[in-house]
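In the two complexes that follow, chain A is the common piece, with chain B as its partner first and chain C second.
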Partner chain A sequence: MLKYIIRRLFLGLFTVFAVTTITFFLLFLVPGGPFLAEKAPSEEVIAELNARYGLDKPRVVQYKNYMVNLLKGDFGVSLKRREYTVKEIIMSGFVVSARLGVLAILIAVIFGMIGGVLAAYYHGKFLDNLLVLFSTWGVAVPSFITTIVFLLFFCVKLSIFPIMGLFSPLHYVLPVTCLAFYPTAYIMRLVRISMLDVLGQDYIRTARAKGLSTFKIIFKHALRNALLPVITYLGPTLAWILIGNFVIEKVFNIPGIGMALISATLGRDYPLIMGITIFLAFIIVLMNILVDILYKIIDPRIRLV
Partner chain B sequence: MKKVKWLCFIMPLCLLACCLVGCLERKGELKNERAEEKTKNEPDATVILGPQMENMDPIAIHIDFEMSMLFLFFEGLMKFAPDGKIIPAMAETYDVSDDGMTYTFHLRPSAWSDGKPVTAFDFAYAWQRAATPKEAAPLANLLDDVARNQDGSLAVKAVDEKTFEVKLATPIPYFLDICTSSVTVPLREDIIEKYGNAWSKEGSTYVCNGPFMLEKRTPTTLDALKNELYWDKDNIKVNWLRANLTMDDKAAEAAFRRNEVLISVWVPSESLDAWYGTPELNLVDLMGTICVAFNSQAKELQNPLIRKAITLAINRKELVDLFKLSQQPASGYIGFVFPDVTRDKKFREVGGDYFNPLDVEGNLEQAKEALVESGHPNGKGLKTLDLMMIAENSSHKQLAEKIQEDLTKIGIKINMVSVDSVTSWANIRKGNYVMTRWGWAADFPHALSMFTIFHSKSDSNPIHLKDLKLDGLIERARITSNQEECMDLLHEIEDILIKNYYISPLFYGKKAFLASTKVKGVYATPAGLLDVTRMQISN
Partner chain C sequence: MANDLLEIKNLRLSFFVPSGEVKAINNVSVSLKRGDVLGLVGESGSGKSVLSHAVMGFVSPPGKILGGSIDFNGLRINEMTEKEKRIIRGTEISMIFQDPMTSLNPVYPIGTQICEVLMLKNKMNRKTAWYKAEQLIKSVGIIDPQRRLTQYPHEFSGGMRQRIMIAIALACEPRLVIADEPTTALDVTTQAQILELMLEMKEKKGMAIIITTHNLGIVANMCDRIAVMYGGTIVEYGTVMDIFYESRHEYTKGLINSIPKLTAKKEEKLVPIEGTPLNMLVPPLGCPFAPRCKLCMAICLKKRPPYTQIASVHYSACWLNQKEEFERDAINV
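What follows is the complex of A and B.
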């Protein structure tokens, strides 16, 4: 087991390194530069700025400098928001995005599992149809549409929730709901399908015959075996959700990491794009490793190679 | 199996704990800050003045939205009054020498937000800093007309604590306009020396001289508290102003509709119709023109008759209907807001119309004739032409589609090239386009500010024309001290640009913003910057 984990960690590090290198060189293919604007400064000013940030050097030299600094833990400074270092921007954004993300994942897991179990238990009945309808909608409709519909309905029409920022608990309701919407629907579908599969198996009939209560059968015997696909799904989802959702952050004006990544990309803020990409890669790799380890724990039949 | 249960419990618990700790820690942080100042925890007014502030350092700023937020915190020598006139701000009075080359400003008694008096030395330091090439200030070119000392520094000096003197290289008539811009606000040398680039990062070190001081800054909000040491503090009625920084126009409009914000600079173009005629919608003439610019190096557009046909075939009347914003279809490059020799006469009135944008049928006939004359009747034998536009802005797409529709009528096919804004600016610099939607806004209300971009040495020249005569005219207009001569030259330059169809002006820009009817005292300057500092809220 330990050997396996160490090996996975090394592979993960290599993945992050590869992502770093590829992104670094891809960035040079993107037209434009960080100092262009509608009323761009003169060529001399741009040259001055390029020299200040070392962007005038050959690409390979820039790459070497970047990697050396990276090994020292230095992500550099933002070219656009020059008062801040990349690390500061990532951390301040991640705190916000992760707070929303954790809340959203908790909601998605709780409601998704309950919904999935209920749908499977009442298979073919009205409640099942209703939940299937909901989960199909949730999976099929993209988040930017759901978000705008929610915003118009709950904020403008009914005027229940505020729109901008995260100043009070009430401000959290809509962004978290929108963020949790897709994973809830997806988990519900996963749990429903695998529960249907599990509930039809022999050992469940045995448990029933033994006279166990329905509650015990479902939560003690059936659900655990139905959880495997949920865990697989949860790993990458958790990573993506922690890292922030640009649409939701933009609409609700939340200073998360998704917003930082998009403005960095549109503004060609190279060090910030690199920093966030590395951070994102790191979290995704880490989550995938965690999921694989969790697999082994939940289902001892799985062999880790 | 025991282990499994443990882990299943512990992992979610850890997550929950992380989340709770995060929330709690955050709350404590907020409480400490708020405890110091106000008893209430809601701002008096929340407004949307623009997108994220990338920098708060006055010399790093160059976007109009950022400027209007900067002027919450800083004030220069002069400022714009609600009627568009320039009035003294930090300067109480000023003298101009007879030759118009020396300006002497007498500062009014006023203090920085930390209590120290504002002196002429702060101005001298700030101006020199802005002009230092190492600082790479994007608007440093505004100081180009100030004379230079032998060592390359600006010929500005603090005669004494309260007297600031500027010597000009040319007696430009718009120097007072330049004194309203963001590169000319005073700065504190001791603060910037002490904290370096990070001085403008947080409220505690952001020492300012304007109506407000920075309380708290996040990527999406600026909290500004009234500066009790500001000289005109009696006219500042809002104690706590919050600026929400967003670029989502739909969300901004929704927040405005439910009174969450009192002012929004964002109005989605598709809902302009709904706002039109309501007291909330404010339209301001901008000192700018939206055009189609033709790349003079493009093979496809070498024949001026083709450019003429394109220019005349565009139905400006319908374009204007499409964008409620811009009711003034263009009949020349310079819009109606620009004065001619004196401020009572308009540049456009003197220059006259190059074509009648309302005579749609007549223009279309002329366009067809021009095509026949060029040897391509009904567009025969013409290649499809690329029209570049910016993808992030939905109104650019509407505009391009309308142009495509109009040009189909005379048989010219258009291919829309949609790129992100930075790519489009890079393409314009490199000359990597055939035609592009192009807009230009002046820095100060003088037509010269609209023309210098066409000099062949200009970095963002939208037509890439290398014409010695045009360059000569622009250079002469720049240095002449005679306003009549300057205007004559500018009219001549406009003649060259429009009569040769190098650019096709479409309409004169307007800016829309939404302001609640509860709000009084909010206005836009001629450059389109919103001034909310004198805002009053009635119930």
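What follows is the complex of A and C.
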């Protein structure tokens, strides 16, 4: 197991390296530059700024410098908010995004699983139809529409929740709900479908023949078998959600990583774009390893190689 | 017969599917004494599984019991609530299924799956249950039980898994074990071993057994009674001797002829029963076997043959048994 994890981490580092390299060179293909947007700078000023940040050197040299710094753990300084290092910006954003993300995932997992189990248990009945309706809606309607509808309804029309920022627990309610909406619906669908499949399996009939209660059959014998697809889905989702959803962060004006990524991209803040990309790649790699380990824990037939 | 462990009377059970009513069990009566072995024999689709599941109380939509009764040890199974049935499942009646590869939960060690029923039904604590489980799987012929209990189903062969299923079924010493084609999914050598084990366990524990199979040959030496099923009805019933040597039903005779014999000479061929199994959506008016019967008579197509008592416990539902009666014109054709 430990050997497996170490090997996967090593492979993961290679993935991160590849992502870093590709992103680095792709960035040069994007028109514009970090200093163009600033108020009418003169040619000399831009040239001087470019020289100061090493942007005047050939690409390969820039790449070499960046990678050398990266190996030292130095992500560089933001070109836009020059008083901050990239690391500081990512960390301060991550704390905010991850806090929202963890809450959202918890809600999605709890409600998605309960909903999915109930729908499968009451297959074809009213409750099932209702839950299918909800989850189809949740999966089909893009999150920015749900978000804006919620915002208009709860904040503007009813004024129950504050609109902007994260200053009190009440501020969390809407962004977390919006963030959890899609994954809740998706997990509900997954659990429902795989529960329906599992409930028809022979070993469930065996469990019934033993005289076990419905509760035990569902939660001990069925759910664990139905969990694998959920975990497959949860790995990358967790990564993305921890990194922050830029739509929701923009709409609710939340200073998370998503927001930082938007301003970095629009402003061609190369070091910040690179930093966030590497960070995301790293988290996705970690989550995938976590998923494989969870697989093994849930289903003993799976071999980690 | 008040002393019978199980008495099924005039049972009718149908599945209501979009294309109509599948009459899976059509007026079946059969009983079983304590400690006896009943073989339910018939080809695929004759209703063996449906009947044996009904005894467990496993009837769920689109299936519905339309009439008759199932009495087990003084309890009317078909009128019990799900909760009441749950209490007797595992303790009074237990079941072994056809496919041992899929009948155990893949994500739990087999020890957990055996102990579960002991802890729930016999109120044992984990330690006692584990100890009992060890003895159980030892008694069904699994060596190194201590280590084996911690292993998962995928680490066992099909035959081993069926042994484990037997251990689970016997854990609480039930009065009745229902084995629905327990050896069909196994290879021939393993089949014999499993049947031998079941017989051995029966000698030890004295439970009654219902065993279903489409292969008359394999159950012959373990059954006290055999009920031959065709098209959702029992067409012939009797002792092994009655069925094998004194059969009075054309379908049974066909079944016997289709058993491979060890002593067969090269030129002797297996004789299959011609025709296709019954479409139970539109069961025939008369004898269910009539469309495939070589000796079919006019009356067979019109009227369902009643049971004729051939010997003390030997019954057959075939018009040929009443030939003299219609030759004497006693029966209106």
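Structural remarks
In this text, the second predicted complex is superposed on the first by the 303 of 305 C-alpha atoms of A that agree within 3 Å, B and C clash if a C-alpha of one lies under 4 Å from a C-alpha of the other, contacts with A are read in each partner's own complex, and residues count from 1 in each chain.
Everything below uses one rule, namely that contacts are C-beta pairs under 8 Å (C-beta built on N, C-alpha and C of every residue); 3 or more make two chains touch, one makes a residue touch a chain.
Being a predicted model, the structure only gives us computed values, none of them experimental.
Looking at the shared chain after the overlay, A:Ala108 reaches neither chain B nor chain C. In the overlay built on the shared chain, the residue A:Arg301 is in contact with chain C alone; chain B does not reach it. Of the two partner chains, neither chain B nor chain C is touched by A:Leu242. When the two structures are aligned on the shared chain, A:Leu190 is found in touch with neither chain B nor chain C.
Which of chain B and chain C touches more residues of chain A is settled by the count: it is B.
Look at A:Leu174: by the touch rule set out above, it reaches neither chain B nor chain C. By the touch criterion defined above, A:Gly211 reaches chain C but does not reach chain B. In the superposition on chain A, contact is made by A:His221 with chain C only, not with chain B. Applying the stated contact rule after C-alpha superposition, one finds that A:Val156 touches chain B and leaves chain C untouched.
In the superposition on chain A, the residues of chain A contacted by chain B and by chain C overlap at 298. Within the complex, the chain A residues that touch chain B are 30-33, 36-45, 48-49, 52, 80-84, 89, 92-93, 95, 98-99, 102-103, 105-106, 109, 148, 151-152, 155-156, 159, 162-165, 250-255, 259-260, 263, 266-268, 294, 297-298.
Remark: chain B residues 3-4, 7-8, 11-12, 15-16, 18-19, 22-23, 26, 46, 52, 54-57, 60, 62-63, 133-134, 136-138, 140-141, 197-198, 200-201, 218-221, 244-248, 250-251, 254-255, 257-258, 260-261, 392, 419-423, 425-427, 429, 439, 441, 459-460 touch chain A in the complex.
Residues of chain C touching chain A in their complex: 56, 58, 85-91, 94-95, 97, 99, 102-107, 109, 116-117, 120-121, 152, 154, 165, 168-169.
On chain A, the positions that touch chain C within their shared complex are 201-203, 205-213, 221, 224-225, 298-301.
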